[in-house]
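The next block holds one structure in the form of structure tokens; read it before the comments.
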């Protein structure tokens, strides 16, 4: 029988596609002469994962009009992401260099993105009306508006149109203090954009940044912070958080918690004792959550997001190349690593 | 501005997707512990090249319903090929092993395909009517009907529908004697299928195989053979051939010749003194021809095909990852290898 | 002094040689363009390990008459296995693809073997009388008779001759339900072949499959099951089992237990916290057991088998490339990883 | 005996250090997941080569204050370049991506440098007085003043100080039209800076660009152009040119010609039939020339430069890792590739 | 601003530079066809680490006068080590082969050094007076005098001059019984050389070897042994030891203890659960200690040494490529592996 | 049918097994961090090639009693060489480093062999009587007696026994002036050993070295030299030479000539325009000759040797991994590099 792609929900993401460059085998750059590369970026990571889960995905972005941009577009197609809203422009693609840590040695990242093709995006380059046709979810993160005024304005226009169309907007509004170099107050802009969103993916940290509050990190603090956020940003319906404990760069623990608007729910903690790749685990959580909300109730959605996040630690690269079946298995406690023949 | 994919011609291919496995650095398999792999196969190579030329492409095929088939589909998407007519079945994907030769040492190939997913294709798995909607070209080769009865029957049905719909059928009907193990006479079947085709990509060798004739390989022989073919298979309009001279596995010369139905035309000979990859050069010629016929007159189409074929010798893997601009440059004689900055 | 190879016991194995293909660095196939390969297969793994332990080994098998088969034969020679009973036939060598898991992500395997060179073996291709000359042990597993009628018939003939010659037959008769596609009842055939064997390498699971019983997995169940097996298959003298606990794909625990015909014995549990390769650990156990039974008493043989199995988790590839000395060190509790200079 | 580094001439270079990223095996970026990298840039290439010839070298540049900049500095040290005049700044290191061509396929380059650490250099960051102490040669190219106003001003200051100190200034003032984006007329600036230089490394093309003249490319044209240049820029003493003929990207021919102020001299043509790396061959010529002028007469210097340039085509990476002895051998006609044991 | 390298302490090391050759991915040599290589050796490892900590370093050694020696010198420069006291001689560079263990499998090393370039060092090849100008620390280990009579005599001369000049001599006098093949009693020679040293890096084991005593390994034994050592070798001021517990080759624990001449001090234990590379961890401790003693009090120096040693387990290769900042972070307990952006 | 290994001629070789270490991609060692390795050495190369041609082969040698020696033995087994006459001794295996040249850049080699396991061979370690049982050919080269007195004495004893047994001795007595460091006159020893040989593989150069004569290199000189050699060393029956012309390191031409005792014969010249590996081409010639003499007349043997030598230039590593069929094809002029499917 031929593939049936009918009746799947469509998710649109807006954000930068980055090339990740990383020496293999935990090497430091100065002891290498070769690097692995991957195309990712927080929003593309979400789109890729949703695509592997079987959803329809499309990303709005700018890439460079050169051999690097061509490769980026091919990588998006490889991941099953619709590239018809990708522009080619005369600025280089954003890059980041990653030295992968191990045990007590932290990973290090160096960016080259602030004058790149996405930083130069302008609202008139984006046809939101067309792209949001038949769209069910629009996902954004706090990285995009932090890159440039143009990225911020483009995103804001999209969120407004999405709200009008009744599209569910999912926000992962992490505040990164070393971005936001174009002269705006990041806290206020994130506050404005969260006001145009429906699902908040973040916790006390993010709420405190956005509301300039000082809630505590325990259960009570999280519930209060969530309620405060919902009262300030009434489009927000639910708040989904994850709690990470780092034993070392190679050994991490993770569980999810959420305020559903009426209840506090949590998941069991999952433990990853041999981390393969730490990058994109938050994006895997966000993608798991979007898939989960589209298919399950809040409790199961949260568990799906947490299991997806845990599995991402076992996958090389930025995107979570796992299937729904693999996530469900972990949710069911099959974590002993039996070989699938 | 967003990508504009409107008004491009669509080409449909029918054929097997093969995984190619090859030790790197000209190694023999027995001195290796690592292989490079590529997904290709003669028809997918044509589709990939046309996709890089900017045409819309789709392939009808079966892949394995396992991790190998998933990777094959992702590779097709990466190449820009529409995968909505790809089936997943419970048979392994076809494979070939390649030991790359050098100088006077020939390359060697070992196949594992005769019980694979494509060999098990059956006519009822293919929705020709739907796939050929809005299609301008249907391309097939002599490999597909040689694999299995099911592949032959499926292809035949498609050619008949294409003829009814007025779709231009391009045939590359090479006869491979070590295939054709399912009990049919390959010469007769190819004859039948060429009868349902419009453009013949092949030369005296192929015509002699199909018509069981004995034309000579010189210009006169080629013209006579072409006329004979057209008289026997009146749907055929034109015959496009290429002449290869192998100085060694690393040094090849190539030129094109054609019978346009009314004239004999040729191209200058191109010389590749440092062959990177010899596989898929015929497919690059076929793809160049289809693009050429869709955009240019016969002479320029033949030159485009020949230049595309020559360029493929410089590209690793099965598919011809070159742009129209690169082919045109070679046609214009810019073969000195200046760096493009 | 020159190598002295006199007076070593000879072990013959019968089974398929498979090429294993696996992306490196825990990658999924679809994010790779290169694979590592190894030649293995359960019986060759046993032969290789015994060869590294210093025993004489020979394997009866069919390989493809092409570049892949040549490489397989060279790999067998590399491992010190006598290849004079290997046939070259016109069918491709069996293959499996492995995506290596990590932490809670399971490894995945896809096979391509059911129409391969070994599946096409026929009794008349095997000269059992000659190969079993001077042979002390004949080892078989439940995979071989599950592949094809020809493999089953060939093996059965060998076991009968071995019993006549007084050769000790070791059986590792795991039942794999996704094989056995040629129309026979696997349970019954395994029962028949175990009846022609002397050492049973397996536990409650395998006994339940073969006898269609339902013994429990605890100590009492194991002892009862073993006694029942011996009463049904009186050639069987002893039953050697191993118990694996998977913390994750990267962290495994293992211990051995056995019914010696008169006593229940066990080993301490060994823990592998950083698994390098999970494949072939059962084969390492079987090889350790054969070596152990040839050199030690039952208790020490079981401990040797368990330590060999644990060490295999630290070795890349299918075969257990460790020496007797390395196994003995682990048996003695030296597991702290001091550097040997 | 201990290394003796006394009494060697010192050469200072001023320019950008670039990271080169390139897929291996002639791959296109989109078919790769790994890249080789090298640190280079036209001026560092000259410094490296001179260092391998045994001269003292130092480079003035800015690198990024991150893991990439650290690796760049280590690479400079590896090449024997004094790094005490290297600044670390808060801008990313310049990068270029290279797809290596073959036969008639051209290499392609994509740059990411215009907002990098070197582009942000400012005159006050450079201590020319200190760096030019004990310096014999100062080398610059037309790339540096084309990058940014700051780079231009910094360089100009250095040239002025060099002229005052009587340091020999060697200029390789190629005009790259796709640089020069900061608003100045490149022709005029190059004219100004050549006016502060003593040795002109370039030919009719470069002279025409700088003087806005239209001399022909034959011998007579070259001599006239050289004389005109010397009359316009009286600090210039000699003009050294090289003539390249590209059979293909893999096969190049090269010879040198010069106007010594009083005579026209040339070298035999050298032919490289298997090009390993085309990048940096002009820099190898410049370095060969500087070494040659420091040790030999004009004729031998030109031959040394031409042989060094030819040899660079056989060396992977940007820098010419060959010794004086290797260059002299090629000058003496020993090009048959005997193994040196 | 330009790099300021003024007023840094200078450390001189004396010892062999070895090429380490190691199959990647935990492979055994016999299953590989490729090896990674690094230049190291215990004293160069100390110099490299001190160089990354920002100190001035120089090593006295002999390398081969061939392509291997050239690469060794470039590697030393890369690490920031002054190579002006390196001699090139007509003997091959020392080599060691490393098979990296995992879990309970030990790493294995095979050496090829006893007839190498360093083993052939002679006192007249070393200009100690010049090299020790402006030197603050001279570091040696028990390996050097064990290699050859010439190495012993050269070192002894250096220690005598250092004592005269008031340079602080740090000794890491491990006794390796499989060296010392040139006919001298290693215990006595080490005793003599420790008598010319000021800081003893070692513990009960080393003291027992040198003094031919039998102190116990507990705290009391360590203190007594240290006091005895100081009474026998009165130049020794302090004794710095580290205690390693190997859970497996992949999981190690480490803490430091010292007798400061007047007090017993210790550090918390650090745990490395995913060892990347076990080689050179002792050298990382020694380097950490030298840096620590130059900058901090004894307690902080010991903690710095222990943290540096722990971090080395996460770095591939022989040298500890970490910065002072990274060590301080681990000392402060930040071992959870957060990504540094 | 099972492999039939009866009635094949057996060839014994005596010589050193060397590990070759070489950076890939034409890199220089100092720009690499990884090397490919192969086990070879001139005599093992001959044995390997003869084994691939289907002859029985055995090598007498010493290897190191460590992980390197184990890998060397496995490599010999992989090549089909009988290893029962290989000793393990307490000296490291010989090594050579190779930087592969290209075009006019020569390859460079650095050795580490003079204190290795083979250099320490002693006559009492070799059981010639047993090894030469059923032997048809004994092959030696001028390298072995040049390594050490022990190697010379061991070889001489073997040649004497071979002459007694009527075994055909083939000699490839190249004189390498940078060996012969143990105090004997290499010319005289080679003269003595050639006196114990039957087939001389070498030309005017080698004869002049051995006889201390001064024959010219043209046809007449070769014939005279051959006659002189036969008169001085009457066991010699025939002289087989090859003439190499190096266009560059990447482009070589080769033809064979011989004096059969009664006639001068030659072969056509073969041209290798893309050399993959230049090492071991002389050994490939020698192996081709031995196979040829065992199967064909002198003319065809010489052509077989020349074609085998040419093919070796296309094979990576030291040994000529080609079959008899591949050599015959080249002899028949099929050098155009058609793919073998």
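General observations
Each chain gets a letter, A, B, C, D, E and F, in the order it is written, and its residues are counted from 1.
In the analysis below, a residue touches a chain if its C-beta (ideal position, glycine included) is under 8 Å from a C-beta of that chain, and two chains touch if they have at least 3 such contacts.
Remember, it's a predicted structure, so these values are computed and weren't measured experimentally.
Over half of the residue-numbered contact pairs at A-E are shared with one candidate from B-E, A-C or A-B, namely A-C.
More C-beta pairs in contact connect the chains of D-F than those of the other pair, out of D-F and D-E. Chain centres here are means of the Cα atoms, and by that rule the chain farthest away from chain C is D. Mean C-alpha position of chain C lies 62 Å from that of chain D.
Chain geometry summary: the mean Cα position of chain B and that of chain C are 44 Å apart.
Contacts with at least two other chains are made by residues 24, 28, 30-33, 38, 74-75, 78, 108, 111, 273-274 of chain A. By the touch criterion given at the top, residues 25-28, 30-31, 101-109, 111, 176, 178, 245-252, 273-274, 278-279 of chain C touch chain A in their complex. Contacts from chain B toward chain A in the complex involve residues 1-3, 5, 74-75, 77-80, 83-88, 125, 127. Those residues of chain F lying in contact with chain E across their complex are 21, 24, 28-30, 32-38, 64, 66-68, 70-71, 74-75, 92-93, 95, 97, 99, 108, 110-112, 114-115.
Residues 24, 38, 78, 270, 272-276, 310-311, 313-317, 321-322, 326, 329-330, 334-341 of chain C are the ones touching chain E in the complex. Within the complex, the chain E residues that touch chain B are 31-33.
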